[in-house]
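Structures are listed in the sections that come next.
Two complexes are shown next, each including subunit A; its partner changes from subunit B in the first to subunit C in the second.
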Partner chain A sequence: MAKADFEVPVLKQYPEIPEIEPGVMAHSSPFKAKAEFQAELGFPGELVDNWQEKAIAKMGDLLGRYRSLRVYLDACVKCGSCTDKCHYYLGTHDPKNMPVGRQDLMRKVYRRYFTLAGRFFPKLVGAEDFTEEVLNDWYSYFHQCSQCRRCSVFCPYGIDTAEISMAAREVMDHIGIGQKYCNEIIGKVYKIGNNLGLPGPALEDTLEGLAEDVYDETGVEVRYPLDEEGVEILLVTPSADFFAEPHVDGLIGYGKVFHEAGVSWTLSSYASEAANFGMFIGSYENMRRVALRIREAAIKLGVKRIVFGECGHAWRVAYSFLNTLAGPWDFLDPRYPIPQHICEFTWDLIQQGKLRLDKSQNDDMVLTYHDSCNVARASRMGDRPGGQFEIPRAIIRATCNHFYDMDEDTIRDRTFCCGGGGGLLTDDLMEVRVKGAQPRVEALNNVMHEKGVTHMAAICAICKSQFTKVLPYYGMDMDQIVSVHQLVSNALILTGQVTDEDEEEAADEAA
Partner chain B sequence: MSFISTIYAYLFYFAAFMLVLGLAAKVVQYARTPAPLKIPTTPAPTTRAGVAFRITREVVFFESLFRGNKWIWIFGWMFHFGLFMVTLRHLRYFIDPVWAPIKFIQPFGIYGGMAMVVGLAGLWARRFLVDRVRYITSLSDHLILALLISIGLSGLSMKFIAHTDVIRVKEFFQGLYVGHVSTLPADPLLLVHLLLVASLMIIFPYSKLLHMPGLFFSPTRNQVDNPRERRHLAPWARRLEQQQ
Partner chain C sequence: MPIEVNGKSLETDEEGYLANINDWEPGVAEVMSKEDDLELTDEHWDIINYLREYYEEYQIAPAVRVLTKAVGKKFGKDKGNSKYLYGLFPYGPAKQACRYAGLPKPTGCV
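After this line comes the complex of A and B, so read on.
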């Protein structure tokens, strides 16, 4: 069990709504970005002198540019429907982690400076001046939101706290207070091409290694190409897929699937990152700049299709925003979705009977599936609404014999975030990450006891990294989290592959 | 009494003016603010008709609230549906001749009034009993509940305790259409009732009552899920593209 200098929540058999404990998470704040990284993104390096004036001006600017922000700050009636829906509230008990509590941090400033009632009767409507104390609360609590949108499902007006958190981070960036983790990562994408700062030669090395591993295991030459021009498909995947466990097992799986499909494909060192942290900090400009790298890579490599690897927030930006940010994609093949999710690609092949799958290869595991928040509530797969829930499950059922869902209240569009999304996957936020994982881990724990589940599959790089890190705090094993395409990879029998059965038969014949 | 009637006449002209203009200004503001990104909460409809159906379910049945919290849903829906029936019942004061369906629903309007008060009482009780809701409640939340419940109680009192001369009330409002001030009955309950209703009309565009127009403009609810098929671009984002 991992050691913690805070209290790890106790897992219960039935979920409980905790009583509020005001202020218990006020101390949780991420490290601030250094001046050089702020400058890279076009933000001031440190808190500007007239920060209050600047912040309010920026709020006004955003209110004029985002209907969501304007409507959501006006519309809340404080009904309370969202109050027990956020995993960070359930795990920390801090009422400022209730969606409405978090929104109110901005709403009270909005009311004070932008509404008649707040200007004349601030006390009456809970309006407050934008003081340094309020700013500290902003920095602390707007970095305890993973922008998972669970609150927006249950709000009668669809108020999405993610929109408010993004706007708050954008305002703070513009007065010189940025978050180290997100802003440094975006800087790395601009300089090197991916979040982890892996340069081209390192990627090439890794990919060669993967091809060798697959050859050793299967006797089939599966290629993992980088920067190859004139191929059919550009694969854009989170950079964690290049080396982290269990992510890399997913990448091996994508390569095998492409191999069996008989399509040529490539990764790009210039666009070697699917995740777009520009979304986390609510910066349209930075999000667009990151997204345009994919467009440039696609044009340079002359591909006809774009496929995205397993990554939750990345798929939101890809599915929902890529056409807006970096379109129009009129140079790609219109017969395929632009962009396409690797699960859509694999499921198509399975339906066509083009993949030979041996489910028993995954018999050492009893699986459940974690719907990653941004895939579940901010995107789609396939032609029909809800395909984002059905397609990954269909792939798991086609590759595994043993699969059980977790409690209905914790899956599909009611899924809980892993606790590490939205720019929180950093060690300086470990407490909120562990506590925020509690509702998901609780549901996992229950299905482990009731159904004998041993492993949880996911299609998000953040989820995989987060669970690898936090499961041990709850007394579970870090390798209980697996990639969906790892399951595909295990079950897939490549054309020409020598399997154990073949070997046995050969041995029998020889004898 | 004619002095008070004159004051009430001006009050209602003013209240109607504030309500219509304030609400129109807000609706125009919402409509003119772009939604630069596709953010429907998924699974979402893939057609405009599907979106209309989704919004209708939210408006009529409070679908998301139903999924979120059954107590708030029961009380909230009782209050809103009751208020709707009450409003229909009150239309008889504002139209002449009274339409047949409005005549038909008159008795249901009474039940609506009761449901409205019970629903409001339930919602108010939650503001004291549930610690999470108590935490997010500000003074204005209490005041709006007090205002609405007082409107309901004063209205019901005129039905069950002390009747007022409804013929003259109707004459008063019909007169306002043509700028003629008829005398209101000098019943304290009626005057309180009307004063509170006018206050509600005035604060509507400046309070959380904006949730009503807000729902129709909520991008997570009113957007079609078709970003891969159709490029969505806000005017300011288009300008950003053209700069580079």
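After this line comes the complex of A and C, so read on.
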């Protein structure tokens, strides 16, 4: 772990609302995208000369396109409900990280140029010119929002700060100020097919290795196919599942589940990414371009179903937007959800009794579950309200003997973000990531002390990577975060698998 | 900000990765590790060389599991795990070892 050059928050037993410390996070800004990355996405390479004019015009365009944005900017009555609900405020104490403070960065510009009172009496209504100073604040603080939407749950008007921060990033991209992390990655999706830049041969090599590992461990040939035409299911999963730990253990689990279900499936090298960073930067055009790759791959491979792996915001894009972004999906089998989440797929099989599960295989862990924000607050699973909370928990209970939830105020639709979502999962934002993780880590710490919890499961690649990096700052271990399908993988006894018990029996019989 | 290696000035990006992978020479790893107060041993070099070989073939750093498996096969089972790699490269094998090897930083949700 790198040494922290900032103060790591001290974990407390009860959440404390901190006193404000104005401007303490003003220094936090991510690296800017180089001209070549900007061009790939259709944005100017550097700050354009008439940036103020262009930015206001783009704001006007967005206000016309998204009625919601105008309502959010108009509706706030400064009631204060949201002020202590953002993990970045709780962790950094900077009032511009209060949701209302963040919204006001755009609201004051909106009032100045788009409302009558603001045009004539700016000072009376808190309207301000779009100056370079305001632009710097935008770049800094709209990259201290993970677009997790927790604040919107508590706002009596339902104002969604995520949508405001997406719009702000879209405005900045259009005047040539883009974030390196997000924009470089989107370019890699266009060029290579995934966020990591894993070309087809590397994917193939990695997948072959996984099949070998599963065979060595179980004696069963589980396949991890790539680019196979004419199969039933296309699995779209975050590329971190190929690359990182504990993500890859989840991917191993998906393969085992498909194997036991007896369905044919494949991954695609062309659509080897579930993540869609187009959403993080608020760019409909880029979000659509990324999503269309899934459609093209599905058509080319001739699949009948699409299943998404463990990725939080991918599931939001898939569940909420895929049909309008890349539909119609009339070539897929209408008897199954379009698209389907891997947790829905696995839970169906468990309910039908088609998976032989030995919970004791996970007895070395006491689990809790971290609801990922985009799954919890921007999507659903299954056919009942709240399925996105219940199905992952049901899978954990079916595969583990020991499970305890964290404090109710920090889970389900009130879940705290991991601190790394929304395009902030980059080393240049480590301070805000570590501080923003405080409320979640605090709740985890409490359940570790009260219930003896040892591990936390999640279904989002960003959450998994974020906790791997930030838990050590709080004195915890990086491997305390696990994939839900890693638990499934551990517990699942494959048909024909030689277990220790079988071996003992065989030995007994021989004797 | 460029780094000085054997009298040559080599361009790096904001995070200290070589801007051009073809600029790499063993001295790059020496200079970078010195800045991190890390002394490179043969064990470090085994990893750096493997990363470069893999990159040559696949144009990407190996996945963590591919790396641990290869290390386990080549240098003994006890070394085929993340713990061993983090022991050698405390900032993480992907980020620190890749940087020393002149590879671009792995991006995405990692």
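Note that in this section the second predicted complex is superposed on the first by the 509 of 511 C-alpha atoms of A that agree within 3 Å, B and C clash if a C-alpha of one lies under 4 Å from a C-alpha of the other, contacts with A are read in each partner's own complex, and residues count from 1 in each chain.
By definition in this document, contacts are C-beta pairs under 8 Å (C-beta built on N, C-alpha and C of every residue); 3 or more make two chains touch, one makes a residue touch a chain.
Just so we're clear, the structure is a prediction, and the values are computed from it rather than from any experiment.
By the touch criterion stated above, A:L210 is placed in contact with subunit C alone, subunit B being left untouched. Touch criterion not met for A:D348: it reaches neither subunit B nor subunit C.
Applying the stated contact rule after C-alpha superposition, one finds that A:E46 touches neither subunit B nor subunit C. Within the superposed three-chain arrangement, the count of touched residues of subunit A is higher for B, of the candidates subunit B and subunit C. Looking at the shared chain after the overlay, A:L198 reaches subunit C, while subunit B stays out of its contact range.
In the superposed model, A:E390 makes contact with neither subunit B nor subunit C. Judged by the touch definition given at the top, the superposed model places A:M98 against subunit B, while subunit C stays out of reach. Of the two partner chains, subunit C is the only one that A:F243 touches; subunit B does not reach it.
With the contact threshold set out at the top, not one residue of subunit A is in contact with subunit B in one structure and with subunit C in the other.
Within the complex, the subunit A residues that touch subunit B are 17, 19-20, 22, 63-68, 70-72, 74-85, 95, 98, 100-101, 104, 115-117, 123-126, 149, 152-160, 163, 284-285, 288, 319-321, 323-324, 327-328, 337-339, 376-380, 384-386, 388-389, 413. Residue ranges on subunit A touching subunit C, taken from their complex, read 1-2, 31, 180-181, 184-185, 188, 194-199, 201-202, 205-206, 209-210, 213, 238-240, 242-245, 247-248, 275, 311, 425, 427-428, 461-462, 464-465.
Contact residues of subunit B toward subunit A in the complex are 26, 29-30, 33-39, 41-46, 58, 62, 64-65, 67-69, 72, 76, 123, 126, 130-133, 135-141, 143, 203, 206-208, 210-211, 214-215, 217-221, 225, 227-228, 230-234, 236-237, 240. Across the interface of their complex, subunit A is touched by residues 14-15, 57-60, 62-66, 69, 82, 90-91, 94-95, 106-110 of subunit C.
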